[in-house]
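What follows is a pair of complexes built around chain A, which joins chain B in one and chain C in the other.
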Partner chain A sequence: MATLDVHHHIDTHDHDDHGHEHHHGNFWTTYIFSEDHKVIAKQFLLTGMAWALIGGVLSVLFRLQLGFPEANLSWLKPILGGWLTAEGKIDPEFYLALVTMHGTIMVFFVLTAGLSGTFSNFLIPLQIGARDMASGFMNMLSYWFFFLSSVIMFISLFISTGPAAGGWVIYPPLSALPQAIPGSGLGMTLWLVSMALFIVSSLLGSINYITTVINMRTVGMSFAKLPLTIWAFFLTAVIGILSFPVLFAAALLLIFDRSFGTSFYLSDIYIGGEALPNQGGSPILFQHLFWFLGHPEVYIVLLPALGITSEIIATNSRKPIFGYKAMVGSMLGIAILSFVVWAHHMFVTGMNPFLGSVFTLLTLIIAVPSAVKIFNYVTTLWKGNIRFTPAMLFSIGLVSFFLTGGITGLFLGNSAVDIQLHDTYFVVAHFHLVMGSASFFGMMAGVYHWFPKMFGRMMDEKLGYLHFWLTFIGVYLVFFPMHYIGIAGFPRRYYSWTAFETFSGFADLNMLVSIAAIITLAAQFVFLFNFIYHIFRGKLAPANPWNSTTLEWTTPRLPGHGNWPGEIPTVYRWPYDYSKPGSKEDFIPQHIPYSETPESNLPHENDQIKLDLGGAGVGGHKH
Partner chain B sequence: MNEAVDFKIVEAPAKPISMNPKKFGMWLFIASVMMLFMSLTSAYIVRQAEGNWLYFELPTLFMISCGVIIASSVSMQLGYWAAKKDQFNKVKNYVAVTTVLGFVFLALQYLGWKDMISNSIYLVGNPSGSFIYILTGLHGLHIMSAIVYLLIVLNSAAKLKISSSNMTQMEMCTTYWHFLGLLWLYLFVFLTLLR
Partner chain C sequence: MNWIIWVGAILVLIILFMIFRIGSLVELVKGNKEEEFSISWNNINAYLFLGFMFFGLVFFFWYSITYFNDYDPPVASVHGEITDNLFWVTMWITVIAFTIIFIVMFWFTFTYRYEKGRKASFFADNTKLEILWTAIPAIVLTLLVFQGLRAWSDITSPASKDAVVVEMVGQQFLWMARYPGTKDYELGKHNYKMIDASNEFGLDLSDKNSYDDFKSLELHIPVNKEILMKIRAKDVLHSVFLPHFRVKMDAVPGVQTHFKFTATKTTAQMREELNNPNFNYEMACTEVCGRGHFSMKFPVVVDSEEDYQKWLSSQESWLKQNPEYLKYVPAELKEVAMIKAGIPLDNNVSVQTAAIK
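The block that comes next holds the complex of A and B.
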C-alpha cells in the first residue's frame, strides 16, 4: 500500500508543476469543453440564469390567468400561438403545463444545478486550496449532461401536445397515462428522459464535490477550519448522492408503466367507462419514492444558500460567525433528519394516523436545527460593524424568508392542521418563501459577492440596492397574501375560481399578487443589466475587495488554470478571524500563521507556536 | 524576548489525510448504486404490504448464478493478489476468468428470465413479477458495465501496465466487482425471503 500512496503523491506533484502552464488552449477547450472548475461554474451559472428567466416568464403567464381571469390575452398570440383559446385566454391544459414546467425548472434547473453547480464548482477548489476538482473530466461531463437535459426539457416546451403537465411532482396515474391529459404524452416522456440525464449530471457533480472536499484540501485545512460554505456544499452533495438515485428508481418504474405496460403504480383505472388492463399497482408507492427524494431535495436547494449566507454575513458584519460548531452541527442534523420526514407531504393519502403522528414529531424536530441557524445569523449580525453590500442585503433577505417560511412549516407539519391546509395556497406560500425565495436570494447574494473573483470586475452597488429592494418587497407582496388565500381554502393548481361564488372575494388579492409578480420579474432585468454590463465594463476588482479571510481571495484578480500562480497557500487558522481583539486589521486571512500575529493571538493559539530556540536545522519545515 | 535572534518559530500545520480521489469516487458511486437498489427493494416491501401479490417460485437458475458470481469474485481477488506480487501472467488469466464468469452470470440471468416466462411470469403483469425483471435487469446492466471495466483492465494487464506499484485501476475494478457480487447475493436473499 505504501508504494501506492507514493505513486499518487507523485501524480499530484506533477500536476502542480504544470498547473499554470496550461494556458495554450483554443476557444473550444478554454470556454466550451473546459475542464477548469471556474469555467464550468460559469457555464452552470449562465445556463441557470437562462432557465431562471424562462421559469420566471412562465410564472407570470399563469399569474396573468389567476389575477386577471377575464382579460383578453390575444396580444400574447405571437408567443403562445395555439395555446390561447378563441376568447384570448390561456388554454386550461396549457395552464397546468405552465405550472408544472415552472416548478420543475425552478427546483431542479435553477436552484439545484444553477446554485450547487455554480458555487460548489467555483468555491470548493478555491476555498479548500486545490488546483481543480478531483476529476476535471467528470466535472465537464456533469455540465454537459446537464446541458443535454436542459435542451430536452426546452424542446418539450414547444411540442404540439405541450410539455409535462402533471405537476412538478408528476404523480401517477395522471402522469402515467397519455390518455389522461395531453401533457402526459410525449411531453412527459421528454420530462423523464431529461430528468434521468439531470440525475446523472447531479451524481457526477456530487461525487466530484465530496471527493474533492475530502481528499484535496491544502496543508492545514482540517475539517474544523473549513469555511461554512464548503461544509454546506459538502453535505448537499452527500444528500444528493443518497437521494437522487431514489428519484431515478421512481422515474424508472414510471417509465416502465408508461412505455412497457407494467403496473407498478396503476390499478383499477377506468377511462371512458373502459377498464385498463393494469392491475395491482399502487400510486401511493410513487409518492413514497418521490418524496423520499423530494424532501431531501428541498434541502439540496437550501443548504448551499445557507452556506453562502454564513460566509457573507460573517464577512460583512466583520465578526466571527456565531457558533461555528453549532452551524456545522445543525447542517448535519438537517441533512440526516431530511431523510426521515418525507411522509409529511402525504398526510392526507390515507396514511395510518399513528404513523402521521410519528412523522409530525420528526418534522417538528427538523425545525430545531433550522431555528439554531437563524439564531446564529442574527447573533452574528448583532452589534456587528455591518457593511450593507448588495450581497449582504440579499443574505439578510434570505434569513428573513427562511424565518417567515419556516414558521408556516410548523403549521403544515402538524398532521391534523395539514388536513385543512394541504394542497392549498398556504403550502405554495410556505415553500416559495422558505425554499424558492430564500435559495434564490442565497444565489443572488453569491453572485454579487463572488462576481469580482469570477469576472475580475465589480458590479454596481446602486443597481444592486434597487434590485434588492424591488425583489424583497415584491416577494413578500407575492407570497404573503397567499397565506390568506390558502387558509380561505383556495386549492393550488386550479385554472380558475370564478366559477365558485365563495372565492370571488379574493379576486382583488389575486390581482395584487399578479401585479407584484410582474414587477418582481421586471426587477430581475435590473440585475441582468448590472451583471452583463459589468462583466465587460465594470471597474477592475482588487484581489480581495471585501477584506475577506478565505483562500479564494489570495488568488490573483482573475485566477488562471490552477488557481494560484505559485504554491498553494497553507492554512493556519479558521476562516472567521474578523475584528480579532489586538489585531491591526479587522480581518486575518486563513493563510497567515499565528507566529505573524502575536499581538492578537489567544493563549491557546500561542501554545501552537512552538519556540525552537537555536535549532536552525530542525525547523526548516515552514511552508 | 525581542533580542533573541537565533530562535525560529515553527508552526507545522498538518497535511489533511487523503485517499486516492479516484478510489474514493468509486466508493461514492457504489453508495449511489446501493441507494438505487435500496429504494427499489423498499418499494417492493411497501408494494407487497398492500396485498394483491402474486406468489411464484424464484427460478432455481438464480441459485446457480449466486455460485458463479462468488466464483468470479474469488478469481478477481486472486488476480488482485497476483498483481500485488507482480505476477503479470496470473493477473491476465484471473481477470480473463472473471470476465468469462461474468458472461456466464449474464447468460444464467437470461435463462432465469426465460424460465419465468415459461411459467407465464411476464414483465407486464402483477408487480411481484415485474419487480424481479427490473431488479435483475438493472443489476445485469451494472454487471455489463463492470465487464466493460474488466475488459479495460484486461487490456492494461496485457500491456503489463498493472503491477504492485500501479494498482489503482485493478483495485477499483476489484472493489466494483465484489460490490456487484454482494449486491446480487443481497437481492437473491431478499427475493427468496420476501416472496
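The block that comes next holds the complex of A and C.
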C-alpha cells in the first residue's frame, strides 16, 4: 500500500510541475537543462549517435591502413595533419590511438551511455507507468556529467601528443609511462578524467533506474508483469552499480601511479635509459580490477539490447515471448555470473593456472543461459505471424549476431584453446559480433521501434530496410573473415603484418574487410537521413503504430511532462498477450482488465477478475 | 581537382534525395494507406533472410573447406597437437549447433512471415522443452570443459628438472634470449637496477651462475626436448607468441612468467613438410606495447640435438663479450668468473691491475 501513497504524492507533485513548465518553461529548461526523462533520453541518443559516427570514422581510418597498406592517404591531410607520415601513411602511434579511441568510444560512449542512457531513460517511466524518474534532477546531472566527460574525451582527440593509445583496456605500464608512448601523456590524463566523470554519470543514472523500477511502478505492475525491457534495464543498472566503482578505483590508482609516484601497478621498470624507482607493484593487479568491471561491462552493453529485442520480437511475431520466466531467469543468471568470469581475459597473463581452471569452468557455465535466450527467441518466431518492420529486422539481426559471435566464446572461454587464440583477430571477430554488433543492432531496433513515441512521427520503412540489409551483410563481411585471420594467428592491434612471414597472407581478405567497413559506415548515413528528416517531416504517428501491449502506447502521440494527461493506467495483465485464443484483436494491452475480455481469458485469469475488482476498489479509495 | 569531387558528391546526394522525395510523393498520390505496412515488402524481407541463410551457409562451408590450408597454421609442439584437437572438436560442435539454429531461425522467419487473417499461436512456455535445451548445452559444455581443463593442467604443470631453460626478455621493441650457459646450466640472477647500455639483461655479477650466461638474438631450441621458457619484460607488457608451437604468455615487468613446451619438428623438417625451403619459425609480440609492437619479430630455429649442441658450444658468454664488466665481479669470484665465462686467464693481468689501481 506504501506504493499507492507514493504514487498519489508523485501524481500531484508532477501535476504542479506540469503547470509550472507551461507558464515559465523556456528553451533552456525544456530542451537543455531538462529534468524530463524523455528529453534526457533524446539527449543521450543524439550524443550517442554523434559518438557512434566518430567511432565509426576512426575505425574506417585504421581499416584503410590494414586493408590498403600501400595506399597514399595524403588526401586525408586536412583531417589528420601531422599524424600522416611523409609517405602519406598513418603514423603507427596514431594507429594505436585510433584503435584505442574506437574501443573506448564504442564500448562506453555509444553502447553504454547511448544505449542504456537512451532507452532506460525513455522506457522505464513509460513502460512501468510512472510520471518521470525517481529523481529528475539526478537524471539531468547524469546526462551533463556524461556530456562533460564527452567533451573532455573529444578534446583529447586533438591534442598534439595524441589521445590515449595503449588500447581501450589501458594496461599499465604502457598507460602509465609517457616515455613508452606519447599518448600516455596528456591524452591518458584526459582519458582518465573523462572516464571518472563517465562513471559518475553512469552511477547517477543507474541509481535512478533502480529506484524508479522498484518504487514507482503503477498499480498492478508487479515484477512478474514487467516487460522484459525493464527487467533488462533494471539488471543492467544493478551490474553497473556493482562494477563501475571498481573501474573507478582502478583508474584512481593509475592516476596515483602516473602523477604521485606510487607503485600500485609498477615494478622493476627500465625505460628510456633509466631504471624507475617503482617497486613492488603488479601490472596484473590492474588487469584484475579492470576486468572486474570489463566483463560485466559486456553485459551492461548487451542486456539492454536483449531486452529491447525481446520486446520487439514478441510484438512483431504477434506472439508472447517464449518462456518469460526463463528469459528473466537467464538474464538474472547472466547478471550474477558476469561477476565471476572476468579472469577469462587473462589466461595467459601469468596468473596462477589454477585460477585459469576455475574461470574456464565458470565461463562455460555462462554459455548456458545465453543459449537458452537464443532458443527462446527462435521459438518465439515459431508459428508467429511475423511483420518485418525495420525494428524487427534489426532484432533478428541481433539474434543472428548473438548466435554467430556467442558460439565462438566456447573456444575462447576454454583456457587451453585460448592460448593460441588470445589477442588474435579471432577475439576481435568474437566480441565485435556478440557484443558490438549485437548491441548496436539492439540500439538501432530500439530507435526504429520507439521513434514514433519519441518524436510523434514515423520513419520511412523502405530506407529502414535498405539501412538494415546494407548493415547486416556489411557487418558479416567485416567480422566473419576475421575468424579465419585469427585462426591463422594474426595478432590484434598490429599496424601491419608484413614483418612476419607467418602473417603475410590474407591481404585480400583484409581488403575485403576494409571495403565492407566503408560500405557499412556509408549505410549509416541512410539511417541518419531517415532519422533527422522524419523528425520534422515524417508522417504523424498513430497512437499505437505496432499494435503493442505495453503502457507507453497508451500515452498521447507526444506525451508531455508527466506522460499521461489524466490518471496513470492500472495494469492487469502481463505484457505479452499477443494472439490470445478467443480474442478478436491479436493483442490485448496491459491496462485492459480481464473483466473486459471474458472471451479470451484462461481459467485462472477468470479467478483474477474478482481480485482485480477488489484491488481497484482499494486503489480508487486511496486516490 | 578536389572541388570537382566535392561538387560531384553533393550532386549525387541531391539526386538521391530527389529520388526519395519523388518516391514518397508518388506513394502519397497513390494513396497507399489501406495497410499500415506492405505485404509485398514483408515477403521480400522474408525471402532475403532465406536467401541470406542459404547463400551464407553455402559460402561459409565452401570457403572453409577450400581454403583450409591457408588459415590452419601447421603445428609443431606436443601440447599444440592436443589443443588443436580440442579446437577442432569445439569447431565441429559449434558448427553443427550454429548451422542447425541458423537454418531453423531463418526457416521460421520465412515460413511464419505475415499472412493476412492468420493468427499466431499463443505458445507462451513449455517446461519440458526448456529443461531439454538447458540440459543439452550444459552436458556438451561439461564435456568440453573437462577436456579443456585436463589439457590446461598438463600444459601448466611444472616443467621437468632436465628441461632446457631459456629466458626471453621483452623490451620496446625487440626480444632478447638469455641462455644459462654450458658450465652450470643455471640462469644467473638479474636486477633491473643494473641494466645499462651493455648489460641489457641487468645481470647481477655477484651471482656466479651469471658468468657463463649468454645472449642470443635467435631462439635456438632442440627438437623433442622439453623447453622451459622463462619470460620477463623490462619496460611495458609484451607477450611471447610462438604461433607454430601454440605458445603464448605475457611478459610482465616485475613478474616472471613461464611456459613449457616441446617442439616436435626441426626447422629443416618443417621446410620439407611444407615444401617451402624459406620457411622459418617466428616469434611475435601479442600484447600492445607501443609504436613498434607490430615489428617485434624474433627468429626461431628448432635444431636437431647435435646441431643444437654445436650451436651451444659456438656461443660466447656475455661476460666474455663484455670483459670490462669483470670489475663488477667480487674479487674472490673473479677467477671462477673468468673460467666460466671462457676468458683466458693470462688476459686477466691487465684487468686485475686496472681494478687494483
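Just so we're on the same page, the second predicted complex is superposed on the first by the 585 of 623 C-alpha atoms of A that agree within 3 Å, B and C clash if a C-alpha of one lies under 4 Å from a C-alpha of the other, contacts with A are read in each partner's own complex, and residues count from 1 in each chain.
To be clear about the criterion, contacts are C-beta pairs under 8 Å (C-beta built on N, C-alpha and C of every residue); 3 or more make two chains touch, one makes a residue touch a chain.
Keep in mind that this is a model prediction, so the values were computed, not measured.
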- Now for A:R217: first (chain B), second (chain C), both, or neither, which partner does it touch? first
- Name the contact category of A:Y484: first (chain B only), second (chain C only), both, or neither. second
- Query: Which of the two partners, first being chain B and second being chain C, lies in contact with A:G281: first, second, both, or neither?
  - Reply: both
- Query: Given the superposition on chain A, which partner contacts more residues in chain A: chain B or chain C?
  - Reply: C
- Which of the two partners, first being chain B and second being chain C, lies in contact with A:P603: first, second, both, or neither? neither
- Message: Contacts for A:G566 in the overlay, against chain B (first) and chain C (second): which applies, first, second, both or neither?
- Response: neither
- After superposition on chain A, the chain A residues reached by both chain B and chain C are 267, 279-282, 284
- Item | Of all residues in chain A, those that touch chain B in their complex | 3-5, 7-8, 134-135, 138, 203, 206-208, 210-212, 214-222, 241-246, 248-250, 252-253, 256, 260-264, 267, 279-282, 284-285, 288-289, 292, 570-572, 593-595, 608-616, 618-619, 621-623
- Note on the structure: Seen from chain B, its contact residues with chain A in the complex are 4, 6-16, 18-22, 24-25, 28-29, 31-33, 35-36, 39-40, 42-43, 46-47, 50, 52-54, 123-128, 130-131, 134, 138, 164-168
- chain A residues within the chain C interface of the complex: 75, 92-93, 96, 166-167, 171, 173-174, 177, 180-181, 266-271, 273, 275, 279-284, 317-326, 348-350, 353, 356-357, 360-361, 364-365, 367-368, 371-372, 374-379, 381-389, 393, 396, 399-400, 403-404, 407-408, 410-411, 414-417, 419-420, 422-424, 460-463, 465, 469, 472-473, 476, 480, 484-485, 487-489, 491-497, 499-503, 505-506, 529, 542, 545, 576, 578-581, 586
- Task: Using the touch rule from the top, collect the residues of chain C that touch chain A in their complex.
- Result: 2, 17, 20, 23-24, 36-37, 41-42, 44-46, 48-49, 52, 56, 60, 63-64, 67, 70-73, 80, 82-84, 86-87, 90-91, 93-94, 97-98, 101-102, 104-105, 108-109, 112-115, 118-126, 129-130, 133-134, 137-138, 141, 144-145, 148-149, 151-153, 155-156, 171-172, 192-193, 195, 197, 202, 231, 234-237, 239, 241, 243-244, 246-250, 252-257, 278-280, 282, 284-295, 297
